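Given below, in the form of structure tokens, are the structures.
In the two complexes below, chain A is the common chain; its partner is chain B in one and chain C in the other.
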Partner chain A sequence: MFWPALQGFWLALTSWDGLSAPRFVGFGNFSDMVSDPIFRTALKNTAIWLVLFGGLSVIGGFGMALLLQRERRGVGIYRAALFTPVVFSLVVTALIWRVFYQPDGLVDTVFRTVGLGNFIRPWLADPDTALYAVIVPALWRQIGYVMVLYLAGLKAVDPALYEAAKVDGASAWQRTRYVTIPQLKGVNSVVLSVIVIDSLRSFDIVWSMTKGGPYHSSELLSTYMYSTAFQSTQLGYASALAVVIFVLALAVILGYLIRAFREES
Partner chain B sequence: MIRRTGYHVAMGLISFLWVAPILWVIVISFRSFDDVAANGLGSLPHSFTFSTYKSAWEDADEFRALINSLLVTIPAVLLSLGLASVAAYGLARYSIPLRRTILLLMLMGNLLPPQILLIPISRFVELIGYYDTLIALIAVHVGFGLGFYTFVLHGFMRDLPREIQEAATIDGAGPGKIYSAVILPLTRPALAALGALSFTWIFNDLLWSITVIRSGEKMPVTPALLGLQGLFVSSWNVIAAGTVIAAVPTVAVFLRFQKHFVGGLAIGAVK
Partner chain C sequence: MTGLAVPRSDRRTFLKGLGLLGAATLVPGCATSSKSPGSGSAPSGQLALQSNLSSEQAKAAMEKLVAAYNKTGGSQVKLNTVASEIFRTQLPTYLTSANPPDVYTWYAGSVADSYAKKDLLLDVSSVWDSMGNYSKAMQTLSTSSAGQKIFVPTSYYWWGMFYRKSNFAKWGVTPPKTWAEFVAVCKTIQSKGIPPIGIGLGDTPWVASAWFDYLNIRINGAPFHRQLLAGQGNFTDPKVKAVFTKWREVLPYFDPKGKSFPFQEATSALLAGKTGMFLIGTFFADSAPKDALDDIDFFQFPIIDPAVPVAEEAPTDGYFASKKVQDVDGVKKFLTWLATAEAQEIYVQNSSGTVIPANPDGKSADTPLVQKGKAMIEGAAEITQFFNRDSSDALQPTADAALTKFLDKPDQIDKILKDWQAAAEKVFKA
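Let's turn to the complex of A and B:
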């Protein structure tokens, strides 16, 4: 596991086409990145992805968990409905939504019905919308997952705390704000780590929907790394991109590990 | 009363919106090509046919892709859980030096972004002559999952009461016997949860499959689905049918192990 990772770091310092021997170039790959416009797009898109995909799935997942935390009739069905997409592979998710985005598909029909026909465009083929058209299905799948994590967290909150707050006259909003949210600190940090790591890893859905196109408009660091490695076979440069992804993830991983082992002891 | 009705109406609507895409794709998968061509993908169905499924199953050979998927997924799940449970047993029940460091390294290996390993592993697999084989894919999945499964199972086994092991030792059971006859049966819920989870993870994988496997007839169903797009350009009804076929196994596992599955996802959250 770690030996190949070390190799990856070494390759990041080389220029290598996979056929001849790798040539050592020091930090040349990294200085190339600074002036690489595609890299900058990919970095920017990864940041957008992190904020929109991460932020909205936390908000959506937490909101749904709050709405569905009380056991009552029907709740099981609602939970199952929201959770169903989680079991699909991202490729299945991507294809389902590609069918929608087709010209004259359901999305276009809905837009036309509500009188927004002028906005219709080739959603995945338009550089202005491609990235966002990919985020929507990714969210569709992630919200149910985050919801399950929060539901588990909410279950662990001592009901006596709510009772006490209720007796003290706290409103539903105050109970959420001052009882639930502080109690969920542990879950929050797990969700945060999961989201950041998932965002940096996100590859499948973008690859299946747009391959990072058109004109790199939906390129993420992970897709750019893959196509650099296996389509243009610049293995050294691709390894350097992987190191960037690694460093970004490392901060999160360290936080996660420190937490995991503080509880261990 | 009104509030409760409002709640159910709102939640019912959200739930419906959530599953609507799935239902819609299932509907499309039964529409004939002429119907789609004449009325567009956004219209209600005017036809009903199974020929789309036949095309996906036979012409696109999704049958073989499914077999490949199972040939990879089942051994990978069994192998990684087997190895992880032995490792977790050792780490949890015996005082092995540096065991915290070992666990930490294992967990860290799992959290590593796969991108950093992509090139070295694809090269290594090529070097030892296993490029484009299902065995290589199984090995990658086992290697990748092991750390996390060990970590979770370790947490679970550590919480089992010590007395059980002591009693078994007094009765003359060796470590192997304790593992197979005492610890493993008690760990079943965690194993079931991890089994259901890892099944879907491995089955749904795209990145490693397209990295390690090249030839079409060895592709598991998840990456093969992408190939379907090239094969049936704009025959979205066939693609929809292919998508439904590829989703069935994970949905089946989910329905069968529903409780374990959700519990497994939650393990990380409360731990």
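Let's turn to the complex of A and C:
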């Protein structure tokens, strides 16, 4: 299990085209990154992705879970509807949304109907909108997933706590803030890990919608790694990018876990 | 492992199968002893042909071709078709594996030579003994930088500015010959409310490279173009900038929607009369309805500087073989057959018919369009392949980024060329 990973670390220190023998270059790949404008764009976009995709899917997923937690008639339909996108493969999702984004497609029609016709752009081909146009379908899918995680968490909260809070005269907002959220601590760490890992490995949806284009404007670290490895066949540099992604994921998650443990002790 | 399942297999494969089983039991948890399909240990008398011709018509034509060869009584060829994008990324892996497939579909020129430089290809000079009638250009394209023949060309196609005859008649324009006439045609078509020049860059940004290639070979000539793509030039050269200055003159005539969809949809747009002209290779016909094709014609990319020898893009397809093939004679016999006019006609007749046999004696499809294309290529002083084929697949993404950015932000040309040079240097260095 660890052998391929270790090999990846070693390759990160080499220059390799996949055909000849890898040539050792020390930390050359990493120093190249500092002066690589595409790497900087990819890093910035990954940060935007982490904040927007991660943040909005937590807020959206948690909100939906709160709305749909109580057993009411028909609530199952809403839950199922929100969860449906999770079932689709991301490539299928990408295909559906690409049709929406087409010139004169659904998105354009909606904009025209509400009188925002002037804002219409070639969504996926405009460097200013491409990244955000890809985040939307990714969110469309992720919110359902996060919602299910939170629904499970909410089920585990002891109802007696709410009753006690109600007796003490806590408002609905106070009950959420001081009972629900602290009780969900365990779920939160799971959600955070899932979100961070999912953001950093988000690849399929971006690749199938824009391939990181136009001219690298929607490039994430993951897509940049793929195109360097398999299009430019610079496998050493690509491995170095993979190491960066790994370190970032580890740092974010370790940071959170350490804080969580410290609070507990 | 088929050695156990197929009773008629010989003893060697059987033992090999046992060996594999043994190895698998020795290394529990390592279940990856399976090999890529088609790379079987090829007992003599069987050849594996790895093909990237995965579009429906081309695949069917390949099946017919292989079936025809298998009837000739030589080695039995097993066709393995792989989606072209996967084929492209996997080719280095195929060729460097311990037991690679024998024969591969691929492209002539620099993209084949790059594998010859790594000593991965079979020397097929003896196959060329029977190919004396092939043109000089084909010979050069099939020769490695070490001077060996490593490639067998079987067909080529051409690029041109395609249009609908009925629409040109309706708009009252005639095919232009020079750049000035071309700009005039663009102006007329635009005055009818139609975007004159179609393009499809969403998903297929490499289509823009055709414009770069053609403008460069028209303004600076084919030798300069080839050197630039081989890393012996510099993209910040004023001569390269001149290409973009010229290109900028017609930028207002490009279909703005072309950035959003791939070339297949740009083809539909042209056929539906939503754009006027489209610079594309004949492969576009694969995704066009047959009846619309009768109304299609093309003209040569306009001449810009009459002093520059006329070059045309004619990408050449064919086959090469792995250096590690076991049945060298069988492979060479198969390649020799592929080089015959007869074999190439089988392919042409069963595919979309817009490719031209590489063998001068081979008959191409008897349509006016194909005859015109063939005449244009034969009349050209120089032949180029296409951006990626004259350089490498690794350089192509750098062109895609630079050219799509130029189409969006033409005023940033100096910075774009500087970035392109930096990205290209990285590729050449790797």
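Heads up, the rule we're going with is that the second predicted complex is superposed on the first by the 251 of 265 C-alpha atoms of A that agree within 3 Å, B and C clash if a C-alpha of one lies under 4 Å from a C-alpha of the other, contacts with A are read in each partner's own complex, and residues count from 1 in each chain.
Just so we're on the same page, a contact is a pair of C-beta atoms (placed from the backbone, for glycine too) under 8 Å apart; a residue touches a chain by one contact, two chains touch by 3 or more.
For clarity, every value in this text was computed on a predicted model and none was experimentally measured.
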Which of chain B and chain C A:Tyr132 touches, first, second, both or neither: neither
Chain B versus chain C as contact partner of A:Leu124, first or second or both or neither: second
First, second, both or neither for A:Ser227, with chain B first and chain C second: second
Winner by number of chain A residues touched, once chain B and chain C are compared: B
Touched partner set for A:Ile245, first chain B, second chain C, both or neither: first
Chain B versus chain C as contact partner of A:Phe83, first or second or both or neither: first
Partner chain in contact with A:Arg201 - chain B first, chain C second, else both or neither: first
Partner chain in contact with A:Gln102 - chain B first, chain C second, else both or neither: both
Which of chain B and chain C A:Val91 touches, first, second, both or neither: first
Touching partner for A:Asp17 - first (chain B), second (chain C), both, neither: second
Residues of chain A that lie at the interface with chain B and also at the interface with chain C: 18, 102, 230
For the chain A and chain B complex, residues of the former touching the latter: 1-5, 7-9, 11, 18, 64, 67-68, 74, 77-78, 81-85, 87-92, 95-100, 102, 104-110, 140, 144-145, 148-153, 156, 186-187, 190-191, 194, 197, 200-201, 203-204, 207-208, 221-222, 225-226, 229-230, 235, 238-239, 241-243, 245-246, 249, 253, 256-257, 260-261, 263-264
Residues of chain A that touch chain C when the two form their complex: 15, 17-20, 32, 37-38, 101-103, 122-127, 211, 213-216, 227, 230-234, 237
Contacting residues of chain B [partner chain A, same complex]: 7-8, 11-12, 14-16, 18-19, 21-22, 24-25, 28, 40-43, 100, 104-105, 107-109, 111-124, 143, 147, 200, 203-207, 211, 222-223, 225-226, 229, 234, 236, 239-240, 242-243, 246-247, 250-251, 253-254, 261-262, 265-266, 268-271
Chain C - residues contacting chain A, complex: 89, 92-93, 95-96, 115, 118, 120, 201-203, 205, 256-257, 259-261, 393-394, 396-398, 400-402, 404-405, 408, 419, 423, 426-427, 430
